[in-house]
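Two complexes are shown next, each including subunit A; its partner changes from subunit B in the first to subunit C in the second.
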Partner chain A sequence: MPKSMSVVREAIAGDEADDAMVERVAAGQAKEQVKAGRKVLPIVEGVVLVAALLAPLVLQDYLTVFATRVIILALFALSFDLVWGYAGIMSFGQALFFGSAGYGVALLARDLDITNIFLVLPAGTLIGLTFALLLGGFLLLGRHPSSVIFVSLGTLTGSYAADRLARGWYYLGGQNGIPSIAPMSLGGYEFTEGPAFYYLVLGILVVVYLLCRFLVRSQFGLALAGLRENEQRIAFFGYKAQHLKAIIFAIGGAIAGLAGSLYAFHEGFVWPNMVGVVVSTQVVLYVLFGGSGTLIGAVIGTVIVEGVSFWLSDNYRDIWPIILGLLLLLVILFRPLGLISFVLGERERVGSFGARPKGTEKETEKEKRNAAP
Partner chain B sequence: MPLLEAAGIQKIFGKLTALDGAALTVGENEFHGLIGPNGSGKSTLMKCIAGAEVPTQGKVSFINTDITAFTPTERARAGMSLKFQITSVLPTLTLYDNILLALQAQSSLFDLVFSRTRGALHDQVMTMLTQFRLADRAFDAAAALSHGQQQWLEIAMALAGKPKLLLLDEPTGGMSLEERRVTGELLQPIKKHCSLVIVEHDLDFIRDICDRLTVLDQGKVLASGTVSEIQANKSVQEIYLRRA
Partner chain C sequence: MANAFVAAFEILSFGAIIVLIVLGLGIIASMMGIFNFAQGEFVLLGAYITYLAYAKGLPIWAGMVAAPFVVGALGFVLEALIIRRFYAAPIVAMLGTYALGLIIREAVRGLIGGFYLTVPEPIGGSIDIGAMHISAWRFTIIVITLLVMAGCYLLLSRTSFGLRMRATLENPSLARASGISTPLMYGATFAFGSALAGLAGALIVPVFSLYADLGLRFLIQGFVAVMVGGVGSFIGPVAGAGVIGTLSAALPWVMAPVVADVLVFVLAIVFIKFRPQGLIAGKGV
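The block that comes next holds the complex of A and B.
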């Protein structure tokens, strides 16, 4: 920018300066710089965090229980956002990892009486990770890149098959699933629905969110950004694009597993839908609605979709799914980048991958000062 | 041994035979031009060498290794690099990040996740940007560059991994005369460590920069030799006259 400005200035100076025009150009560019320099994302994240922290203080008890469920689903949405929004893998079977972890911890509690939080949550995470490694290894790690259709149908089939399996398998409770799971425990303390459970899952969400943020802002995230925009180009640089994808897919599976085990203990039961296509699609909607490729978009999308359906189902008992469907369609048609794109520019959405190296910063600051009229 | 040797390359798309026994041999530190009329198979041959297309028949050797079945990633890691015909810089990223992305392609996962490449490769990034006269735009988005500058950025990215062979598909497409001249200047210094295969319509540019030329016509090699040999070649003159 500063250079082009000086070029403009020289050109105009050569033609017997039109100062007003120089100023107009400079003012326009200065405005642009301010806009580019303004950081909206941390503000949005801060607002969401504060709102989440205060929620149980203002909400009635039954709403806190609802809010806990939403936070767990937001964690689940993060896993899909990593996979689709950051690595461009269309996973229509994210519930497979969510639900299988749910079933896994339910079995641990039912058959082995294991409910200790330090055992069940890692176990759930591990189950999600393992299933994602198996399915991801099969779908993504070919010698040549797999097509989007192949991956989306493969994950969809996986989720569908798991649903059928759960319905038919007596050991897993068949259609009814596994009811009345004992509460998650820590020593003598039992986590039952309520503010304690809420703050537990909020804490976990914040930690996972920060880890994801670290990952997508690292140079690994830079490679993912390249992968998303042009996978072939990245491969021609020498990146093992399929490996990058499989890694993200596995991390996504682990997070979905963590969310699934929290969900199982919070609801107190697991049922076949939890591994099936409906929940898999639901998480796609959360993320598309909020804005894929931004972590906070996934969280906001979950909160809004769940909040709106809660409110609609209360007030428009019969037609609420139609209204919700229309709302989702409108957003996806007119705001393909999700609600977050109302406040977030393209540049900030893609983001930066590390601070500017020392030295370069000062120089431009100086240039800016020199260039300013 | 030549650096690159492609022999008997045949590529058939459905009923269309794009390449019919084409061949290309490139020595070390050689700038080799690949020319021919439209539809003669230049780009397809480039793609077969780079791994974007798999030849129906034929063999590609690179540094004494048969790479015919290598994936693009494996070819890149063996020391081959490609600049696409269509500019494919990543428009939303800064120039700095574009170059770094290319430079760190073979770094370990650990280094990537903990961003150790960013500090370690900083000097190399700035050197590349300076070399291609883009240093003062380092932190602008690539989309803000002129078309010619995007081409330079792309060449810089293709060179970032220190390849032994660089394949350039129409590097001066859409450039002004001045930009073409500068592109020629920018490419000269890489001769010390890298060979070049260039597909290009601008014959003056090719003549100025290349050591040897291969002329393709209808998927076959019409002639191959030094620039002066090709210029004196009757059948080459004919196909270019025919086109005109």
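The block that comes next holds the complex of A and C.
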């Protein structure tokens, strides 16, 4: 107790003792909030992980296939969340990377008979990365910073143009896309729909999730969060804001490419919608629903939207999109941080960066002081 | 000679259609700073109202006259209820209007099913000039587009309503201080933009027939046209629409349609990248 008092005194030398007292109490409360808040995110992540691990054991076969698709889409949603939720780049064309990777691996399998998992997945990731570098480099870099509107409409147009191209190009199968892609293989083993594919995809999702988690909690992630909140200030600090944006855009594209190649092999076919505006906006829906700016929010949003849509599609196929639109509107108007914000506080959503303080009172108070606006 | 003339007419009439659709989009984007993703669905609604009038046995003209008023009224209500909350944040506005558009589109899809419904042209037949025949209805669309364009221009530049509208756009706080009710002006502007979209939908439905994704088809073209023309003025988006409409109708005559389709978008994006202010920079009419 005396130690903490002395720290506070140092900090606000010359102030009244009463003020110090108030500050200390406030600091104590903040500490409790931090303590209480710190627990929520790992719990949510843990629950989701356990549920995902157990899912194939309790689900029927056809539901496992559906769950696999959801996990792949969650991976895709993660890529959009990195780009929009963390860097504040509105990418309305994320499906461009998803779909072009899908088409790429489909062509590899069709024309070159390459289905080895260690070849096709890196190839898909590379395709996504390359396209994202090209498009992102063009839209984001340059002498003058691009406006937010230009980037969002540029990505949207890119996705739409790719859709039109895929529809009209005979080599890519035109309207019908590329059907009956051979299954992904590992040595003699073939990954067909089912629990094995599910756990493969889940494993990839967990690895990518952990990588993203590391990324957004790193110094780089801190700069990104600053970019999202106030780009000009970050630029004044000496960061090359455009380069940061291009880098995260490319990483997002790579993850979308990975998801796209998995999707192509899981579904067994690719079709023009996969690069088009429909899928691009769908991934926006997932992330907005779940909560942008938290990685787990993207995953939860995907599971909820896809799950409810699957559940309702038998009886309410016609009105489900209308309900989806209404819900989306409500979320945008009243819960801009998504469903996850019901359980997650603002402080935890933003997170802390660098090494965690060891929990001594001194450091907590310092943290409190730094965090104070 | 005759072929060239027919081609020129086709290009002109498609350009006119794009201009008609972009008018409303451009006014809302320029005057309010909102890229309205629901604009395509306002077009769809205009088309649907026309179809409804036709299906109920009313004259098609009646539906076409009613469409802009109904859609405009809807726009006014939506602005007051929802759009008003988005002014500070352009990206949120995009997402919010996208959600609105989704609701309207799916509702219409529920009403008409997955069909392509045709509505006959109120003015059928063709105009014959020597050996050449051009569609009378497409010609009417060109004429109406010119009239509407001139009307909008006069409204914005010559009337006190237009003056107040532009004042609200350029300096909202000064406009408020001068006694202009800016919320009302925003509402009126949005309603006006929606009404133009409704009119566009009503006029083009005989050409393209009615289906749920009718609006979506023109939305992205419209956005690109607005950006190419330049946000901030009335004349900018119109010029952009003319360029984009003409290009997308003309290029398929000289190259493979697939390539032409994509090329228009690529050219437009490259153009905007290097000239962000668009063809016609600056604010005003």
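Simple rule for what comes next: the second predicted complex is superposed on the first by the 316 of 373 C-alpha atoms of A that agree within 3 Å, B and C clash if a C-alpha of one lies under 4 Å from a C-alpha of the other, contacts with A are read in each partner's own complex, and residues count from 1 in each chain.
What we mean here is this: a contact is a pair of C-beta atoms (placed from the backbone, for glycine too) under 8 Å apart; a residue touches a chain by one contact, two chains touch by 3 or more.
Please read all numbers here as calculations on a predicted model, not as lab measurements.
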Fit or clash between subunit C and subunit B when superposed on subunit A: fit
First, second, both or neither for A:144, with subunit B first and subunit C second: both
First (subunit B), second (subunit C), both or neither touched by A:225: first
Partner chain(s) touched by A:235 [first = subunit B, second = subunit C, both, neither]: first
Partner chain(s) touched by A:158 [first = subunit B, second = subunit C, both, neither]: second
Which of subunit B and subunit C A:133 touches, first, second, both or neither: neither
Partner chain in contact with A:247 - subunit B first, subunit C second, else both or neither: first
Touched partner set for A:339, first subunit B, second subunit C, both or neither: neither
Subunit B versus subunit C as contact partner of A:304, first or second or both or neither: neither
Shortest CA-CA distance in Å separating subunit B from subunit C in the superposed model: 9
Contact residues of subunit A, present in both the subunit B and the subunit C interface: 144
In the complex, subunit C residues that touch subunit A: 35, 82, 85, 90-92, 94-96, 98-100, 102-103, 106-107, 109-110, 216, 220, 223-224, 227, 231, 257-258, 261-262, 265-266, 268-269, 272-273, 276
Contact footprint of subunit A on subunit B as seen in their complex: 50-52, 71-73, 75-77, 81-82, 84, 88, 90-94, 97, 100-102, 104-107, 109, 111-119, 122, 136-141, 157, 160-161
Residues of subunit A defined as touching subunit C within the complex: 90, 138-139, 142, 144, 146-150, 152-154, 156-158, 160-161, 164-165, 167-169, 277, 281, 284, 288, 318-319, 321-322, 324-326, 328-329, 332-333, 336
Touching residues on subunit A, where the partner in the complex is subunit B: 1, 3, 143-144, 215, 218-220, 222-223, 225-226, 229-230, 232-241, 247, 346-347, 350, 352-354, 356-357, 360, 364
